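First chain A sits with chain B, and in the next complex the same chain sits with chain C.
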Partner chain A sequence: MSAVAAKPQAGGAMNPTAMGVGVVLLLIILALCWYVSPGAGLMALVGVIVGGVLIGFGTHFVPVGGAPAAMGQAPGIATGVAMLAAGAGLAGLFGGAWAAEQGLLIATLTGGVGGGLMMAITCMMVNFVYVFGMGIPSASGKVAKDPITGDTQAEFKSQGTEGHGLPFVSFVGGVTGGFLGGAGGTIIYLELLSLYETTLPATMKMLPAQVMPIAVAAAGIFAVGLFLVNAVLTAYNITGTIEGPHDPKFKRWPRAIVASAVASALCGFLAILIVAM
Partner chain B sequence: MTVKVEVIEGGIPHQKIMIAGLVSTLVCLYLTYLNVLTNTEMFAFFGGLAVVTALIWGSHTIKVLCSYGIGTGVPSAGMIAFGSGVIAMLYATKFGMAAPIVATILAAIIGFVLGYVSNNILNMKIPAMVQALTEMAVVGALTLMGFAALMTGGFTFEGLTTSEVSMLGISISTTQNSFIGGALIAVAFLLGAIAIQHPFNATLGPGWKQDRMLMLTAECGFLSMIAAAIMSFAFISMGAAIISLIVAIVGWAYTYNQYICLSKRDAAAWLDAKPIPEVEGH
Partner chain C sequence: MEQIVFGIGITALTGALATIAGSAEDTESNIGSQGDPNSQVQLAPQMGFVHRIFNKAVAGEPPAYGLWCALGAGLAWAFMAMQVNAVLAIVLGCVLAVFVQGVYATTAYLGRTASLAKFGQPVYVDVLKSMTSVTMAHAFIAIFCVVTLCHLINSALGHPFPLPLLGLIWGIALGAAGSATGNPYYGKERQYQNQKFGAGVPISASGNIVRYAEAGERNSLDNGWFTAKIGGSASGVCFGLIVFLEIWRTVLFEQVSAGWGAIVIGILMILVFTVIDRYIEVWARKNYGPYTEVKEASS
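For the complex of A and B:
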């Protein structure tokens, strides 16, 4: 069988037993965290899980086209989920980190705006290249009409392709996904940063000003690590490519929520153990 | 139902590469502990060798996983390896001398859970998934630890977070000029993540040959080691850093040469073509 026909047939089916195991695992980790560090640690872990779930959910919105999109045979941005999510997430994280002193709400919104802005610029330049460089119009292959503008798609779609370019709904999806991802990454960073700022001076027996570089760098690298783990898990959920929120694959998001929550909880728990034990 | 696209024909079986990779990486990491025993920093370059051996193992694991056509691209495998590895590695550094062993165990636990999550909750149903993600998290953690040992000469939390800086003749302890505090861990993260995913991404296809891919991995590993060795000038003594740099450059030159030879061997036909000669009379 050729490599093209050998795409994984993961399908949209849910596996209730595995979902149950996932939820139980999540509760066990939360209980362990409560046992180790009932106050600040548990709060930070909840924040990390919320951030991870936001990243996992947000990645579903991003129009990921992969290699077929690079050849103009499928809609979306012509690269993989890991690259797009890392770009949007890190742009958001940098934005959020600048505003870290303004409080959780403003910093999270700033992070979201950073990620959304990054995706908006990416989507726009991608469409410039598609329309003016490759000479193809934007058309979705998954829906007859654009759910937002109501434009019909079929007339613009070339035969033998699944659509091409970035239709309006994919553009909106990309910006929404970037916003959620950037906000999620910033929440993880802020929660870990505030935990490290308060606990590291005692663990390392140093002044608060001295541990600041460690707190910032450790929280940052943990946020990046968690971001990539959640983005790749979502990539596995959508088996690589998705058109945006109108794609049938979007309906698989409940699986990704459980998966992201379990993965973030486990990784976040280890990040908290650094200062709690 | 998943179809395996390529089968490993001939070459070294994956089990053997895995065991050899794990053992040699751990041995190389512990050889950097000679720094503490002999009170020098001359053995930091063993950290770089640990990076290379771990990457060779990791790139073969990526080959095993991505042969199934997971649909997300090869780089995503490298990203999840380091994303999960960095978390295990940072916590493991708290355990002092046991750090490499603890990192292996913790990363294996994280990788196993991630494998279970993707195979069962996300319904990937790929036979090699759980084992591959477990191995990959271990590779990510050990590679980062190798970079840490190469740059700072040790792998303990204290060594990675503080360093002595001499200012106007007075030696003061600072956290800013350190592997974690200076965020060099982020550079190490991407140096490793690119080196682990590139070899299979570059050599995959019908003409894939195991020895050529592994040689390219070693080349990428030594190339990363050159960059890391240059950064190590900031933390370890000049002599030790120069040793690391020389080892890295020699290793890179050898593996690059070998890789070109293997590429020429596997090319259908290669011709040392000269520029088109200018023919008179046109």
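For the complex of A and C:
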């Protein structure tokens, strides 16, 4: 089929065969991990997959308008979706790693709140610049009314644009996305850290205290890497821009969940192999 | 108690450094024309508008700053491992990272502009000579501030991540905050100063960027001067708030109720920013009013 003949909605269509292949791949990687490292390794991989899925799902919430948003031609934040999600999630990971000694729940929530806080400040400042720097009110191009506040949108769109700024639902989406990303990144970090803490002393024939800096650095680098993998996958899924949870593109999230799970499983398996082999 | 006071002092210092870093990052990216608005700088000659604006979209601002800050932090960390004084090590690391930024800026300008030759866009050597050093100077300030705050977080506050990893994380966060806040002001307010104030740029006007200044042709230094006033300041406040509040809630409240204190304070701060955001949104709707008559929404 030529590009001209392709359906306009093709980007949003679900492909059951591809989803099925993804699930089978996921099961194969889990089985391989069970074969290589049945106890701690498999647990760590499940944690990595959960964290990766949270990042992939959370990125769908982040309102990103890309280049058109920088000219006030489209709503959203004027930067790349993967990069903004990474910025928020990594700020969350920073907080979560700091709270690692306080347990999985506390650290994960601390990481999530860190990501949410970063997005709350950023979204607020974006609206500040639009309103007080450029004199432009917020308006969505995808919905007639804000689903949360009920504010009408169409009459606040300036001529020749698809909207601009961040309506309240986009702000809430940004905070939600930051929270999920920060929590997901922290889970990946904590799972890999606990695996490395237990296995690296024997692998490297060193004392536990001596391997700690290596374990922290390796887990942190893998968490950052997995973050970027999942955020970029989602950026492809939403073809670069999205307004937030009210955008029709948001409905594509099941496809990204499967893709994120498979990609996280493969990357996580490699992260486990460095200590399991 | 003494440790908490020390922690608060370090937190304030990191917040101040982050504010300067955010401001310098946005001004650097505007002088170099690196963020999303550079799409218009690249598009303009294709629409027949030849210009003298710098054009160095090396990458998105977050990965670019992630690279430069990780490089600066990594080199500083290596120098410190060689027993070099921390201040000197950070300065040397950042200088070397800035040279990499300068190389990227030069090759990006030459490569991107040369690709527009078929549209009649010349490569201006004087633009390259006068702008590159200015972007490098601003980049040095941004990278130095980020590496220094990472060093403080690592050595004074005891964050477990090594310095290069902290540089990568805060470099990406710096680029994300700076591009999110500063890009619209450069993209809409400066590049399209010929369009109506208080409205987005009509899609039909894409590429018709302002090319003339009060005297002669506009260049990117003019853009840096203009955007530093609001876009740069707002980016600085944004990144400064992110760094300061994230560390402040941890330093002061991490030990309260076995970690729940920092979480609750974080949620409260999110709610405060939510209220401020909603106030700004409603204020704009009331004071600027609709562009067209209010219609009954269909959904």
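Going forward, the second predicted complex is superposed on the first by the 267 of 277 C-alpha atoms of A that agree within 3 Å, B and C clash if a C-alpha of one lies under 4 Å from a C-alpha of the other, contacts with A are read in each partner's own complex, and residues count from 1 in each chain.
Please note the rule applied: a residue touches a chain if its C-beta (ideal position, glycine included) is under 8 Å from a C-beta of that chain, and two chains touch if they have at least 3 such contacts.
Here the structure is a predicted model, which is why all the values come from computation and not from measurement.
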Mind checking chain B and chain C on superposed chain A, clash or fit? clash
Check the residue A:Gly225 against both partner chains and state whether it touches chain B (first), chain C (second), both, or neither. first
Does chain C touch more residues of chain A than chain B does, or is it the other way round? C
Touching partner for A:Leu84 - first (chain B), second (chain C), both, neither: second
Kindly classify A:Leu273 by the partners it touches after superposition: chain B alone (first), chain C alone (second), both, or neither? first
Quick check for you: in the superposed arrangement, does A:Met19 touch first (chain B), second (chain C), both or neither? first
In the overlaid three-chain picture, which partner chain does A:Val131 touch, first (chain B) or second (chain C), both, or neither? second
Check the residue A:Thr198 against both partner chains and state whether it touches chain B (first), chain C (second), both, or neither. neither
Is A:Gly66 in contact with chain B, with chain C, with both, or with neither (first, second, both, neither)? both
Running into chain B, out of the candidates 24-32, 114-122, 240-248 or 258-266 in chain C, is stretch 114-122
Overlap of the chain B and chain C footprints on chain A, listed as residue numbers: 66, 80, 83, 86, 213, 216-217, 220-221, 224
Enumerate the contact residues on chain A facing chain B in the complex. 1, 3, 5-11, 13-15, 17-19, 21-22, 25, 66, 80-83, 86, 204, 206, 210-214, 216-218, 220-222, 224-229, 231-233, 235-237, 239-241, 255-256, 258-259, 262-263, 266-267, 270-271, 273-274, 277
Show which residues of chain B lie in contact with chain A when the two form their complex. 1-5, 68-73, 75-77, 79-80, 82-88, 90-91, 94, 106, 109-110, 113-114, 116-118, 120-126, 161, 174-176, 178, 180-183, 185-186, 189
Going by the contact rule set out above, which residues of chain A touch chain C in the complex? 66-73, 77-80, 83-84, 86-88, 90-91, 93-95, 97-100, 102-103, 106-107, 109-110, 113-114, 116-118, 120-138, 143-145, 149, 151-168, 171-172, 175, 213, 216-217, 220-221, 224
Complex interface listing, chain C residues touching chain A: 35-37, 39-40, 60-63, 159-162, 165-166, 168-170, 172-173, 175-177, 179-189, 191-192, 197-206, 230-231, 234-235, 237-238, 241-242, 245-246, 249-250, 254, 258-260, 262-263, 266-267, 269-270, 273-274, 276-278, 280-281, 283-285, 288, 290-295, 297-299
